[in-house]
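Chains: A, B, C, D and E, in written order; residue numbering restarts at 1 for each.
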Amino acid sequence: MLNYPWLVLLFPLVGVIINAFVGRYLGKRGAGILASAMVGLSFVGAVWMFVELLGLEDRVVTRPLFDWISVGDFNVQVKLLIDPLSSVMAVVVSGVSFLIHIYSIGYMAHDERFVRFFAYLNLFVFAMLTLVLAENLLVTYVGWEGVGLCSYLLIGFWFERKSAADAGKKAFLVNRVGDVGFALGLMLMFVTFGSLSMSEVLESTLAVRLMPGVATAIALLLFVGAVGKSAQIPLYVWLPDAMEGPTPVSALIHAATMVTAGVYMVARTHTLFALSPSALTWVAAIGGVTAFFAATIALTQHDLKRVLAYSTISQLGYMFLGVGVGAYAAGIFHLTTHAFFKALLFLGAGSVMHALAGELDIRKMGGLRSKIPVTFWIFLIAALAIAGFPGLAGFFSKDEILWQTFAGGKTFLWALALLTAGLTAFYVFRLVFMVFYGESRVDKKVAAHVHESPRVMTVPMAILAVFSVIGGYIGVPKILGGGNWIEHYLDGSLGWHAPEAAIAETAHASAGTEWALLILSVIVALAGIALAYVFYVRRTDLPSRVAKSLGGLYSLVYNKYKVDELYMAAIVKPLRAIGKFFADSVDGPVVDGIAEGIAALVALMGRGLQALQTGLARNYALGILAGAVLLLVYALVK
Amino acid sequence: MTLSSLHYFILSAILFAIGGIGVLVRRNAIVIFMCVEMMLNAVNLSLIAFARYLNGVDGQLLVLFVMAIAAAEVVVGLAILVALYRKRPTTDVDEMNLLKG
Amino acid sequence: MNQMGFPLLTLVVWLPLLGAVLAYAFRREQVKAVKTWALAVTGITFVLAVLLWVFFAPTEAGYQFVDRAAWIPQFGLEYALGVDGISLFLVILAALLFVVAVLTSWRLVPAEGLRGYFALLLFMETGVLGVFTALDLVLFYVFWEVMLVPAFFLIGRWGGAKRVRAATKFFIYTMAGSALMLVAILALGYAAYSATGAWTFNIADLAGMRIPWYTQLALFGAFALAFAVKAPLVPFHTWLPDAYVEAPTPVTILLAGILGKMGVYGFIRFAIPLFRDAAVFFAPTIQILAVVGVLYGSLIALVQTDLKRLVAYSSLAHVSLIVLGLFAVNAQSMSGAVFQSVSHGIYIAALFALLGALEARKGTRDIAAFGGVWKAAPVMGFFLLIAVLASVGLPGLNAFAGEFVLLLGVFKAQKVFAVLGALGMIFGAWYMLTLFQRVMQGAAKPEALADLTGLERVTVAPLLLLALVFGVQPNLLYGIIVPAVEAVVKAVASR
Amino acid sequence: MLEIILFACFALAAIAGAVWVILGKNASWSALGLLVNFCSLGALYIMLNAPFVALIQFIVYAGAIVVMFLFVVMLLMVRRGEGEDKKPFQRYMGIALAVLLAAGLVYIGVSVAMPHGSLPATPQDNARVLGLTLFSEYLLPLWMAGVLLLIGMIAVVMLAKRKKEA
Amino acid sequence: MAIDLQVLAPEAIILAVVLLALLLNALGGKRSTAAMGWLALVGVILAGAASLYYWGDTAPTFQGMVGADGYGLFANVVFLLAAGLAILMGLEAVRRFDLPAEVFVLILIATLGMMLLGSAINLVAVFLALEILSISLYVLTASERDEWRSLEAGMKYFILGGFASGFLLFGIAMIYGATGTFSLAAVGAQGASLSALRDAPLLAAGLIFLLIGFAFKVALVPFQMWTPDVYEGAPSLVTAFMSAGAKAAGFVALIRILETAFPYWRAEWGLALAVIAVLTMTWGNMAALGQRSVKRMLAYSSIAHAGYIVIGVAVAGRAGYASVLFYLICYTLMNVGAFAVILAMGHKSAPNEDIDDYAGLIRRKPGLALAMGLFMLALAGIPLTAGFLAKLYVFSAAVVEGYAWLAAVALVNAVISAYYYLRVAGRMFFGEARANASPVHVSAPLGVALALTGLLTVILGVYPAPLLNLIQAAIRPIVGF
């Protein structure tokens, strides 16, 4: 399989083509199965590659496909790179995608644009795998924008709803801002290194001593791209709105895969980031602050999927925190586990919505534990995983990041991340309790039809649940007796240039400290869960009282810090106003006015000349006489 | 002081200018014709004077031709005037201003 | 004689004119036959143009398929045609877009005056193809100017409500722009005459000439003005929205797709290589205009309420970007610019064809009148989506392969311009997606619009396919464009 | 000296006649001024040794042309004066420019050496010399003058004849 | 002195035809009109043939008055072309507009004047030829004798023409006074050592006054003001003839006089004419912008074209003069063609000259509309028409002789002119015809004239090389070999 890695890309592409052109003849079932099968084949291929790679000594394999762009010294080859990092990503992406495809067969069963949905999903998988497997960063960029496109299409899938169409456009545009940063980073990279090939850049970064400013500039420009795609401050605003899309999309694209592309990209180019400590600090800081910031918003929201969206932003912040402190493997580890449990949370939410005819407001839920038990259990597992309940996937990965942050000396960020861990446990269990416990606040009409989801939905969820539980064991830290397998495996990709500082700190920190921190984070997580229990099961009057006592602060957080409004007022409206001004007051009156004015002036002069043409012969004779005098003067002076 | 062509030339220029003024200020077409004739005559004077003081005869010959031309011209002019007068009884050239602008 | 031993290029250029004349061999009532005839002529021309590509020797520098003959020896005027890597694809694009224009005209044009319509269209094709192939400056000017005539009549007769005004403005504005160019051409010919004692306007002979500094500035200015109006560059663009909006859709396709490229082509073929010092001297000025054009056009496009006007301003922004690339004068920026000229021609044609279809169905260009069209017309929505995506520079479609390389080249030379130009990519996405949203998405209006007819699909689909093919395999074009561009770059560098 | 006095007299008469023409209240008055002007010039021609031309001047100009003017004046019965000139600008500008023109010509005249050859002309031969030159060197112009008169004839026939239908 | 009548063969043919036609008119009365027209046409063709036949390397002169050199003979062809086209158009139009049969005779006489003017090498002959031309044009202008505007135009033309002739004659007198001769060559020889104008003020003043006379004839600012009124008032047939022919004769003679008698002041009159050129084309074009009457618009346009042509005179030199000759031919074709359309549109007492009368002409008379469109484009100087190459030639001459700025001004002017030419084209092709539009009849001779001018306009615009060879040969007698 390593010899034919393009097959992994080909399968979903075939799915796209078939579904786009002849999908409507296949029928819903056929189209769904075809799409899922294609992704399944892709998954098989990815796993196969992964296994093959394990058996190799040198775990970096490149396979050129074709020359893409050659202009002078600018040459871009479409080449696939299979190394530990990309192979893990490929497996995760195709695997989660496969499950969600299957889930979607059930979830989207009643949608009129069923076939189109699967075509989009396949296209997404194709683009995402391109992003992951690309050797050349420009090809990565192709996948990068490709997933953005699919995100746009899928968010706006129900385009009849203005909010959905708006959200899709917003996602694309905000991502575009990041993408332009990415593109400029690539340009600077090319100007600096003369290539956009990963391996060549890697060699250059290892060999060349750069002006630190240049490395920082490249790294930060690339990071702008990552911030856009991975919804970090200040470009996170599109992700909550992206929940307008169908829930499987939220699960796949806006939780498990696409949004993690930023983290992947930073990890991919880590040698470059490693050249610039200040850039790394920025990454870590933005990650940490975003994690906390988004978590606070998640505390207050009533929309089930939006809470999860802010949670995603928050968790992505963790990942950036991880890569920002040089713990690239930890970042990727968390990325992997997060893919499982966050996807699962979304699918669970989808299942809830499925049961409640699309209801999303958690204030109109409650007491569903008994009505949809499978969903409840699955959701609970995912919640525990994200909350960092010991032994579950999230516990290991999150803790690794916390530890590395602390070890890297970023104590403030560590504290913030720890606090966020508590908040995470709180808001996630706030969901669990408000949705599944207590009195039913469901609409009467809806309540009558509450039902468990079909098997086509629950089975993929169950599988994901399993991974949410066991996914963490690929990275069990040494102190818990594990070998931290994933870190070692990823060393093949990420071990090139680990920052000296981080390694040094890690070496010095004692095992005792690590244990202490471990226990502390468990306590924080459990405290969060307990507090949520108190607030939403025991003393259900507490939340509103707390909210009231916090007053303005609460409403600020509840209104998402009014960032959307700020952007609207500071960027969108002024730009539109400038456009309006240009269109109404500059282009017509001034620019065209000058052109038309010249024409009018000429016409006016013509009318003046016409006025001289009085029709009187003697006037004309006067003209002749005047001309004669002038010419005579000319003769006398010349 | 003896006369030379200069004196005649000056007289000629003055008469030419007076004829010109006539064309510019008079409105009676017939008078304008007369003024045009005066201008030609003024030039004739110059020509004859030059011929005399250059001791040539070409100038005089040209004057003869000018006279022929003047005759033909006046005939044509008066014919047009008469034709116009038939359409509208006026000789005021300022009233002939239908064409303008 | 050329490598074919056969005047293929001459045939390509003049065949449409012949077709125009012969269109009158049909009777007035033979509507269908006239249409078919026009399609056949443009189609054959296109095939012949593609043959140029087939027989083009990519490794050889300089002009190929050169046809030369004395024309007016008294003035040193030559009939000289030829193509190189820069013009080859513009020729093919032009030939293609005329086929598209004929197909777009199929239903649009009333039977009355049909022969005249297609005759003018074919006449225009000869003019356009001549512009891209003429190697003699005066011949170039002849094609350049004469092309205005059919455009004027096509817009004025078959355009929208304010068509006569728009047609006149277009004609006068463009002619005003190129008036001084003729003087410059003559001055250039005279300079060659003074230097060598023989009149010539052949660019190959003129290109190597040393021209005094101030003369260069003046001549470059005259040429640049002509091209800046045609392209157009801010602030010479105000004829553009009127003309694009008022022209009948097929003509809008041609105006936006290929006529604007004539300005771009003029810069790279004439203004830059002939007056290298002046080009370098003026480059920052023109680049600033271009950057202003990118941002200004984008911002205005953002608030337009008229379908065609929006795309017209977007075209301003896109073409400004191309000019920005030209004047960074390096292999990437210029190759990217040429590539992008072709690719812009492709997707803008598709865009206008689709907008034309929308306008024809609804009878208005007001964006607010549309909404939710995608629901009833999935194919149209899908096509428009691809065209929009190509326009916003989505990788994998052609514009990206042009824009990225172009911006990369600009970035190499002047980072600030590249950054500002890249802002255009954000704005571009903004207004194009807004357009798409307001037309295709949202709640459907009560009366459902019919989906694209088979003919319309056949018209637009090849363009979109090309957008994809050139996006995935841009080297098809770059392989031929780059050597030609590098020759220009080298010439400028060695000035 | 006598020559000068005679010149002065006729010159003044010519100017007076010219001014009379342009000041004349109506066309018939002007015609009389024109007659004075023409005759004075004729006299000057004699002084300039051009008796034949002078003769023609008296016969053709003073005779035929002035009479023709008078004839047309009578024919059209134009009695009316012109009334006030509504265009003072035209008048003053015209006079000023004409004066300037004359002044310029005079300036030119005095600033160059004008022909002043003093060879005795031969008035006795005048007509003979003219005739000889006319029919040799100036044969073509003579023919052309004939054509001119032909035009005059055609013009009168064409313009003056009433249309049959009318 | 031997009399070499051969020299005057073309002129003699014309004169003979004139007399024959008059005889015919006297004998045949009203019915003879058409016969006179055909006779005149035959005369024109014969005279043209004679001109070409006698074109050789020798340049005999007639008594030192006219010279039958290649230049004059070539010019004859231009005048005869204008006359022939006018007569062709007139064959039917005289009836439609109820013009007197004498029109044909007068056109022939005017042509005779032009031919003599173009060949004249003596100022006496120049003056007489000019007067023959002028006076016959006065009469022709007034020839629609039951139309007030025709008579008014004739009257204005007459008064101003007489006024301008006075200047011309005074100029001749001063030249005579300064040099003692009327012979152009002798004047040139006498002044050969002069440099500045003020070195010989009398001669200079003579030159200036002479220029005024010609500037009036070819309508240069500020001596052009008669043009719009006269062109509009005159019967279209006559306007076509005089706008092309008289202009051509004036320029042809002007070049010969300037180049033979005043070559030493080339820079001086060149500059004056250059300034006049700028004023003339600008005035003509700007004033034409606001016209509603197509005919009057063309009158202004003819002023503008005089401005372009005079560039060729101003810049002088081989290229300059050759360009003038080429321009004159092209202008004759396209302008006469345009007037032919105007003629076709009009009727007695319904001239239909307003631009709105042309609205929708493409639907009523497609052929006529196409022809008019072609002429408009040609006049605007659009490539592939004679108008473009004519301009190109003049402007390239300007560039060659160091007058690039003049070419630039002229091209800006050409842009202005495009506006009003296009307006006509636009109205014809885009406008809606009036409901009560009067019918348009294109008679066979008029059609032939249209086809001829149209075809030649295109042919000269595409492949003028043979004609250019002729022209370059034709100017050799003027500028030397």
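The criterion applied here is as follows: a contact is a pair of C-beta atoms (placed from the backbone, for glycine too) under 8 Å apart; a residue touches a chain by one contact, two chains touch by 3 or more.
Values in this document were obtained by computation on a predicted structure and should not be read as measured data.
Asker: So which chains count as neighbours of both chain A and chain C?
Answerer: E
Asker: Looking at C-alpha means, what's the farthest chain from chain C?
Answerer: The most remote chain is D.
Asker: Let me spell it out: compute each chain's centre from its C-alpha atoms, then which one is farthest from chain E's centre?
Answerer: A
Asker: Cα centroid separation between chain C and chain E, in whole Å?
Answerer: Centre-to-centre distance between chain C and chain E: 42 Å.
Asker: Using mean CA coordinates as chain centres, what's the gap between chain A and chain E in Å?
Answerer: 78
Asker: Take the average of all CA coordinates in chain B, do the same for chain E, and state the distance between these two points in whole angstrom.
Answerer: 26
Asker: So the centre of each chain is just the mean of its C-alpha atoms; given that, what is the distance between chain C and chain D in Å?
Answerer: That pair's centroid distance is 70 Å.
Asker: For chain E, jot down the residues that touch at least 2 other chains.
Answerer: As it turns out, chain E has residues touching two or more other chains at 124, 128, 131, 135, 138-139, 142, 145-146, 155-156, 159, 163, 177, 180, 201, 205, 228-229, 290, 419.
Asker: Give the residues of chain A touching no fewer than two other chains, as numbers and ranges.
Answerer: Each of 599, 610, 613, 615-619, 621-622, 625-626, 628, 632, 636 in chain A touches at least two other chains.
Asker: Where in chain C do residues touch at least two different other chains?
Answerer: Within chain C, residues 172 contact more than one other chain.
Asker: Okay, what are all the chain pairs that touch?
Answerer: Listed by label, chains in contact pair as A-B, A-C, A-D, A-E, B-D, B-E, C-E, D-E.
Asker: Considering only the defined contacts, which chain A positions touch chain D in the complex?
Answerer: Listed in rising order, the residues are 616, 618-619, 621-622, 625-626, 628-629, 632-633, 636.
Asker: Would you mind writing out the residues of chain A in touch with chain E in their complex?
Answerer: Interface residues on the chain A side: 599, 602-603, 605-607, 609-610, 612-613, 615, 617-621, 623-624, 626-628, 631-632, 634-638.
Asker: What residues of chain C sit close enough to touch chain A in their complex?
Answerer: 172-173, 234-239, 296, 298-304, 330-332, 335-336, 372, 374-375, 389, 392, 394-396, 400-401, 404-405, 407-408, 411-412, 415, 418-419, 422-423, 425-426, 429-430, 433-434, 437, 440-444, 472-475, 478-479, 482, 486
Asker: Given the complex with chain A, which residues does chain E contribute to the contact?
Answerer: Residues in contact with chain A: 155-156, 159-160, 163-164, 167, 196-198, 201, 204-205, 207-209, 211-212, 215-216, 221-223, 225-226, 228-229, 268, 271-272, 283, 285-290, 416, 419.
Asker: Touching residues of chain D toward chain B in the complex: what are they?
Answerer: 3-4, 7, 11, 14-15, 18-19, 21-22, 24, 26-27, 30-31, 34, 37-38, 41, 44-45, 48-50, 52-53, 56-57, 60-61, 64-65, 68-69, 72-73, 75-76, 78, 82, 85, 90-91, 94-95, 98-99, 101-102, 105-106, 109-110, 114-119, 121, 126, 129-130, 133-134, 138, 141-142, 144-145, 148-149, 151-153, 155-156, 159-160
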